[in-house]
Amino acid sequence: MTEHTTAPPERRKQARVASDRWRTALTSIAPNSILIRGYPVDELMGRLSFADAVYLLLMGELPSPAIGRMLNAVLVSSLDHGVTPPSTLAARNVATSGAPLKDCVAAGILAFGPHHGGDVESCMRFLDSGLTMVRGGTTVQQAAEMLVDDCLREGQTPPGFGHRFHTRDPRAARLFQMALELELEGEHVRMIRATERALDARHEALGRNVPVNVDGAIAAICADLGFAYDLGNAIFLISRLPGLIAHAHEERVRQAPMRQIDPKDHDYDGSASRRLPEGRK
Amino acid sequence: MTEHTTAPPERRKQARVASDRWRTALTSIAPNSILIRGYPVDELMGRLSFADAVYLLLMGELPSPAIGRMLNAVLVSSLDHGVTPPSTLAARNVATSGAPLKDCVAAGILAFGPHHGGDVESCMRFLDSGLTMVRGGTTVQQAAEMLVDDCLREGQTPPGFGHRFHTRDPRAARLFQMALELELEGEHVRMIRATERALDARHEALGRNVPVNVDGAIAAICADLGFAYDLGNAIFLISRLPGLIAHAHEERVRQAPMRQIDPKDHDYDGSASRRLPEGRK
Amino acid sequence: MTEHTTAPPERRKQARVASDRWRTALTSIAPNSILIRGYPVDELMGRLSFADAVYLLLMGELPSPAIGRMLNAVLVSSLDHGVTPPSTLAARNVATSGAPLKDCVAAGILAFGPHHGGDVESCMRFLDSGLTMVRGGTTVQQAAEMLVDDCLREGQTPPGFGHRFHTRDPRAARLFQMALELELEGEHVRMIRATERALDARHEALGRNVPVNVDGAIAAICADLGFAYDLGNAIFLISRLPGLIAHAHEERVRQAPMRQIDPKDHDYDGSASRRLPEGRK
Amino acid sequence: MTEHTTAPPERRKQARVASDRWRTALTSIAPNSILIRGYPVDELMGRLSFADAVYLLLMGELPSPAIGRMLNAVLVSSLDHGVTPPSTLAARNVATSGAPLKDCVAAGILAFGPHHGGDVESCMRFLDSGLTMVRGGTTVQQAAEMLVDDCLREGQTPPGFGHRFHTRDPRAARLFQMALELELEGEHVRMIRATERALDARHEALGRNVPVNVDGAIAAICADLGFAYDLGNAIFLISRLPGLIAHAHEERVRQAPMRQIDPKDHDYDGSASRRLPEGRK
């Protein structure tokens, strides 16, 4: 007969003795003490930038100063992209219903699907498949050309390339420049550069310019820093979170509730174009 | 008669002429140019820390160096709190189902409800209600005592006070110390300090210690920096995001799928307790 | 000294003996047996409609046939409301990013905020505050008038009244007609009817018609059926889920990815207006 | 020069003339009229069960009475599976933080990942790959055996087979029995039955029983009814929603907030085992 009664406490307790305990290596908590990867969190505060601390938590060790600077720049790069991305519109549509800010943000994050943010992970895999060829004996440029030809044959743009708005993504250029200056360029950056050259050479066949975009630059740099594929995407997600917050907040304070949000019908009325003051450069 | 046919294009186009356009002040996009609050994002990269850039996006202006350091510390403070918070468990339960990392993170964010993270906003409102009394003529200490008595009469702990684990929250202490050193203490910090003293004085009646916690410290400091209530919560959310990511990632790489996650049955097997090297202090 | 080492297994096992077990009254599982509220689920299949089973799970007992019919109608009432509600737009914006269907649905659900769906709960509370007055000695009509005057004084429409599009909500009318025919009208329906009359009498002062809407009708009927406030909202949520699914699916199969979704720029190209065949009436 | 000023209204209006309008075939809205797939929603209310209406909305036409009965049974089948599934635990962990019911539900839905619910879609694809072989000339049984051998060679269980708890899933058995009685069995049901036989024949090699589970039965039946892959998953999601709601609600009303939820430490204290009354069979 099927048994729906609850086992007596003795039997249950015994059952637990054999139960598998599980393990975590991130943070240990004790009364009045929080150790992140072994370091007291209150000792990290004021001494590490947030980007440094993100690296420590995700990778297990303190970043070098160069890596810390690089990661700060990566996180700044995708801070916001205006009102038209689907993630921003998902967040604003939840905001107009009067939902709490966190709900708007969660909805925005759900829109970081394969075509929007997911490109970081796809590009990391793409670059690694090229590097596998290199380990098999081809040159970086040959590998890039074979990958590009494979994509074009299937009518695809390689992940990390092309942009709806930009013909030259200023964020990608700046990230590569910093990686060079900080001596953090590695094989993934070299592979994406080679892919860029291969695409340039097919420019006429393509009928359009397909520049490396910010997702591609983040992918190459995160891969060179040793991030796992899904953590590459996670870095994009951290970067984008403040933008989701800013748009949800602006929707709540500047707009009437339950409006129909048309992404094309907006005007910018913020600060005029300006430059950083000398002291901040 | 009800009209379900679609209006002809001419009529619709005219209808749009009168339509209200909407406004945004955050980011303007043009081909090959992204201006965040007026600044080219590629000029911000490498020059602002991520925390600085978050402040710029949310508040509209560059932070002073002191505010930038303070906000970095605030963001580091809540980076992670181990495996037991409901937000972490929500993220891990989604991860065990094989869902993408972003889904785990979104579920975790949804758990930042009134009892978990929402305290930052509640505490900001609590402090402002005290400051309203002060503007009406009471002293800060009198206001704090009246607020505390109101809470205790209803069997409530003031928002931003008390902790499940810690009798003295090391993160709160460090945040207040930094606010003092950076000369960023304002009326909200003074009000929360007075509240702490009022609670200490009622220590025997309460039968337990009710220290200010990290949410309270973030609330007081964000309020002194001028953040809106929901942005105070948002700062907590940004701070906590890497922890959600780290736990979801660890669940995916270290555990079998579809397991039953017991928050009490875990062991820490990460780095031993350690201190920052001299050069990082 | 702070203790970060893990307690030995013996100590932990003992600690668990005292641990509080928790209780659930919904479903019990044993090998090859699933009992929902005591009934084998496989016995319910084919014998209860889904709406009946929802009632059983949420309320604990089988519904009468009349309640089953009523609940089926309530669930059908809010099935879909076209492309313009924020919940639908949130779901479609997530869909355009290439995210899985479940992510689109989750984002849509997050948009059932206070102004969109949340009205069911607000209206249930509103009606109960009127019924409290009635228990205190006023007539239903007097209570309704006092409530309406309170709302209008604060420039508010009572929850469950008014609609962006409809001056007479056909779903509300049908729900009330069915409640009458099925002899399920109770004090909450009487209170909302009285509120409707009170608003009609203030029609000129209001300068517009403020009819009871489908949220109001669901609220009154769910309250008469004995649903808790948050379960009233939940009924709306179940009702609306297929609409979110249908829109996310249509977005995925009929539209290009990463498009900018303008809620005003759409045409309906589905089935022409039609009536149920005789046999289905 | 980069152009960040807003285009003048004339230019924008013209730009819209050429803009592509988009199309939807689900629901058309006009003042006081809501047509779902052409039918007035108020005419559907009271005449269609919710399951019938779900079929109409997703598939575009009214279901036959047999399909309506089948779909009601499918929706009842996965109503709830107790406290241990990750989706339920995600919902309860969000509930314990004090978040609104809809947030709990959204988090639960996010846990319907590849290993939990996603199996419906995987199984539909699996069955169709078998039917492709059949169209190429093999028998159904040969196709099933080749598919099973492919899975076992990779150490996989075929999607829709096996269960953590049940060695014979009572829900699957009931669904197949109903499909037979309602004369709705089609080629997908035949293919899954053949797969079951193929697995039975390899029972000794497998060392365990791998029965068809409820996901497999839903997959085969939904495929025979003509549902698209992602809509098969969606049917599971609709079925499971009331369970998520019931658990989130129970957590809110029966448990203290911010508790650590251990899925193993619970007791069932609901209704004793019972049978449907004669009149309901």
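Should a chain be cited, it is by its letter among A, B, C and D, assigned in written order, with residues numbered from 1 in that chain.
Operating definition for what follows: contacts are C-beta pairs under 8 Å (C-beta built on N, C-alpha and C of every residue); 3 or more make two chains touch, one makes a residue touch a chain.
All figures in this text were calculated on a predicted structure; none of them were measured in a lab.
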Touching subunit A and also subunit D, the following chains: B, C
Copy pair subunit B, subunit D: interface residue numbering same or different (half cut): same
Chain of greatest Cα-centre distance to subunit B: D
CA centroid of subunit B to CA centroid of subunit D, Å: 36
Intercentroid distance (Cα basis), subunit C paired with subunit B, Å: 31
Chain centre separation (subunit A, subunit B; CA means) in Å: 20
Sites on subunit C at which at least two other chains make contact: 4, 16, 19, 28, 30-33, 35, 84, 100, 103, 106-107, 110, 112, 117, 261-262, 264-265, 267-268, 273
Complex contacts: residues of subunit B adjacent to subunit A: 19-51, 53-54, 57-58, 60, 62, 69, 72-73, 75-77, 79-84, 100-103, 105-107, 109-110, 112, 117, 165-171, 173-175, 178, 228, 230-231, 233-234, 237-239, 241-243, 245-247, 249-250, 252-255, 259, 261-262, 265-277, 280-281
Complex contact set, residues of subunit C against subunit A: 2-4, 9, 13, 16-17, 28, 30-33, 35, 84, 86-87, 89-90, 93-94, 96-100, 103-104, 106-107, 110-118, 164, 257-258, 260-265
